[in-house]
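Consider the two complexes below, in which chain A is the common component and chain B and chain C are the respective partners.
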Partner chain A sequence: MLWYKAWRESQGTFLMSAAAVSLLCLAFALLHKEASGGISNEPLTYAVYIWKIVYRGYLREVFVILVLLLGMGGLMRERDNGTAGFTVTLPVSRRRLVLVRAATGLLEVLGLAWLPAVLIPSLSAAAGESYPYAQACQFALLWAAGGSFIFMIGFLSSCIFAGPYTPPIAGFLALMAYSLLSDLPVAERYSLDVHDLMSGTGRPWFELSTARLISPVPWIPAAVFVLIASAFIGLACGITRKQDF
Partner chain B sequence: MSRPFAIETHGLTKKFGKFAAVRTLDLGVAANRTTGFLGRNGAGKSTTIKMLLGMTHPTSGNATVLGRTVTDERANREMRRNIAYVGEDKQLYRYMTVDQLIRFTRSFYSDWEPEFHQRLLKKYQLPLDRKVKALSKGMRTKLALLLALSRRPQLLILDEPGEGLDPVAIEELLQDLVAAAGNGTTIFFSSHQISEVERIAEQVCILDEGELVADLSLEDMRKDYRRITLGFSDEPEPRRFSLPGVRNIQISGRQVTLVASGNSDAILEIVRDMGPVSVDVAPIGLREVFLDTVKTGVA
Partner chain C sequence: MLWYRAWVESRTRFLLIAVCLTLFCAAVVLFHGQTELVLTDALRGLRSRTFSEHIYELVYSGTAKGMFAILVIFLGLGGLGRERTHGTAIFTLALPSTRLQIVITQMAVGLLELAVLSLLPALLIPPLSPLVHQYYPFTQALHFSVLWFCCGSMIFATSFFLSVVLAGEYTAPVACFLVMMLDAGSSALPTTRAWHLNLMWTMGDFATMHWDPGPNLLLSAPLPWARLAVIALLTLCLLAAAVRSTRKQDF
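Up next, the complex of A and B:
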């Protein structure tokens, strides 16, 4: 039943996020002729347009914000709402409370990451264009890996800070700080930029001229971010264990 | 014969920075009794309860609840299977309906008693399909109590259970607590409402500024505690009244008021020899003991 609770607490954010991603996919696919001129003065192939507006551009930025917000909630929020006492006194460990919430959130991130992979190819066909499912699925995997890392930034922030505004603000600030640091040459050398992982920008497995992923899924860089996200879950468990409610 | 303790603390302390909310608390709450935990606002009652439940970590000292050490995570989790807690705000998941919350809660307890739960549901007339956020505070308290009592816990801990309730709801709540105690549940409840405590408690622990300042049986209090008012023709010497069993001495001109916590017959015999012009002996209620015990500054 903890899964049920975690789902009930996050379903509003998840469903609104899914609706936002779906609407943007719909708009970007169906209005590609109008939108294409807005992002480039030169004519773009459909694949390049989709990459620029979806996988590198607006939709990815929206996705990043949404998964960060999906990380909000948990026991510190419950402390503000007055229900932490009820939750913490259930005969379950705090570790399990954290793990279930994290797992539920990560499944939701997975769902959001796969939405464009389902919608973009089918909506492209409806708009008289084509976008390969294989490409969309590969990007979905990269979004799932990068999204899990970003989700955990929000999750950690909501484990540390109380109040309705502090956790999202701290999460955004942490993400901005990370984004700035990951642009430093030393970080770029180790491909530590999650935004580049999700869009493929500057990576050897991505061809800029065709905007396509040219080799099989880059499992290792994706796994690195998933591992970091897993470490964040361990950190969140440790922090929550020591907290007073 | 002394009763076994459901709750025992030794030197339990909680500090928030330099402020000590609870100071070296040595507390023993007897099993199968109803114990009131009395104190002013901010006395440290809620912090103590939170430490007992593992919600808050003690700064030092230790405690056992139902024989399990509260600071041991696994033991604490096992202990929580056998106790029920009703918090001060009675805040429950607002987004769930009454039915959903009952199903959610019962999934954690193998000893949930469906028949007793149905009986309480009927008694409290809780609307199953109504969301918790649409319940009044009185209804929320009933729901919290239903969730707590439906598995007949060994120990029921309540933090200010009557807070924010109207007199009728408080009366119903107290009756339910008496019934639960009758079924063998140990009850430990905090309150700053003396009348609530006096109604149902058998034992009273008084906390003041984080320290236990009194631990007394209400039966003993009614039997032993006396206020002795003496009138003298001359202003008396205060030192003469420092006698065994005298808790408090107040001298106002030629009138002396003593609060005796026992030994009152012997005290009376001694003070009568001092030649008072008038002697008045009266029993004392919990309210007076409480005001006398905590540092209120009230005369």
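Up next, the complex of A and C:
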């Protein structure tokens, strides 16, 4: 029942996000000749174009913002709606409520991350081009790892701040602060930039000239971000347990 | 009373955005030397030769502009639809004022907050610059404030309109963000590029900046009044459509 509740609460945002990602993939693949001229003055190969517009550029930025909004599922939001009292009287622990809501959201992030991997290669074929499934799947794994970290920033923010719009603003600002700090040389040395992980920019496993991932999925950096996201779940549980509704 | 109510409803969002913009602008000015050194290593190509370039690249055409544009979406979320979800819409409608008054007050408060946010960099950057022995002209800062307000009001109106017509807590911000991305994407196409439809480019005076060797400053071209008038007209149309939808809604 908790899973169904969590799904019902987030399905609107998820379905809209999925529709948006799908439509953008469709547009980017089918209008590649027109769009390619828009993002670069020099002629681009199809793989470079896809990387620039999907995996590094527009679609990745859309994905980041959508995932942040998907994370708005903490109990503080329910307090503002006046339903927190009912939810916390359900015969389950607050920890379980938070875990189920986070797990549902993370599954939705996984779904969103895999959408381009399913759509881009097939739509490319329809547009008379080709994009390898293997590359798309590797990027999907990186997006899932990076997305889970960004989702948890949003989720934590919605566990700490009340009101409908304060959590997304706080989450976005936290993400901005993180993004600026992760560009510092100290953070760069430890590959702590989630945006670079998702796009491959400047990473040894990515070849910029062909815009391809040249070695197997970088499991260690991806696992580090998943671990941080897991720690954030624990933190969200701890914060929610201490809150007064 | 309606004005106070609209202010109380939006003040957390406004203050949060204002604090962050203030901190960012202050940091960009006060730590410009250190930031440049870091950016040279971290983001190749962002190295600024002069202070005015540094301000333009980080504030008026960079991070602060993007932050402002995205956060204005949340400032614009209003209307009575949100109150319907919370069950307070009937109390609001029972107040001795028309729906028109309620919605217009929300819009006016939001636009005033937007004006303050647009002016913040202009109120901060020129006075803070002498503290680090630099100079940034107030007229230049004011020029960008006008651009930020005009383009910001368009984003505000889009967000407000979408929050009136779309149900769901986060449907309107998601839709508004997608509209912005669509605008950015479609205006980059070779066939539409000449029309200057990109709101973000207009906000940052993209491709119209020029170098003035006299005062050693990166300066903007005169304000694109015709484009700003079109933007203002579209903003008014969106706000009028939001009012019309609210009057017809059933709570």
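Simple rule for what comes next: the second predicted complex is superposed on the first by the 245 of 245 C-alpha atoms of A that agree within 3 Å, B and C clash if a C-alpha of one lies under 4 Å from a C-alpha of the other, contacts with A are read in each partner's own complex, and residues count from 1 in each chain.
We adopt the following convention: a residue touches a chain if its C-beta (ideal position, glycine included) is under 8 Å from a C-beta of that chain, and two chains touch if they have at least 3 such contacts.
A quick note: this is a predicted structure, and the numbers were derived from the prediction, not measured.
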item: Clash-or-fit label for the pair chain B, chain C on chain A; value: fit
item: First, second, both or neither for A:P43, with chain B first and chain C second; value: neither
item: Which of chain B and chain C A:S93 touches, first, second, both or neither; value: first
item: Winner by number of chain A residues touched, once chain B and chain C are compared; value: C
item: Partner chain(s) touched by A:Y4 [first = chain B, second = chain C, both, neither]; value: first
item: Touched partner set for A:L66, first chain B, second chain C, both or neither; value: second
item: Which of chain B and chain C A:F245 touches, first, second, both or neither; value: first
item: Which of chain B and chain C A:N81 touches, first, second, both or neither; value: both
item: Angular separation of chain B and chain C about chain A, which is computed from CA centres of the superposed model and rounded to the nearest 10 °; value: 80
item: Contacts of A:F172 with chain B and chain C, given as first, second, both or neither; value: second
item: Chain B versus chain C as contact partner of A:P216, first or second or both or neither; value: neither
item: Shortest span in Å between Cα atoms of chain B and of chain C, once chain A is used as the common reference; value: 8
item: Common ground on chain A, meaning residues reached by chain C in one complex and by chain B in the other; value: 81-82
item: Interface residues, chain A side, partner chain B - complex; value: 1, 4-5, 8-9, 81-86, 88-93, 241-242, 244-245
item: Partner chain C, residues of chain A touching it in the complex; value: 12-13, 16-17, 20, 24, 27, 31, 34-35, 37-39, 58, 61-62, 65-66, 69, 72, 77, 80-82, 163-166, 168-170, 172-173, 176, 180, 183-185, 188
item: Contact footprint of chain A on chain B as seen in their complex; value: 50, 53-57, 73, 77-78, 80-81, 85, 87, 89, 91-96, 103-105, 107-109
item: Touch list for chain C against partner chain A, complex; value: 12-13, 16-17, 20, 38-39, 41-43, 63, 67, 70-71, 74, 77, 82, 85-87, 168-171, 173-175, 177-178, 181, 184-185, 188-191, 193
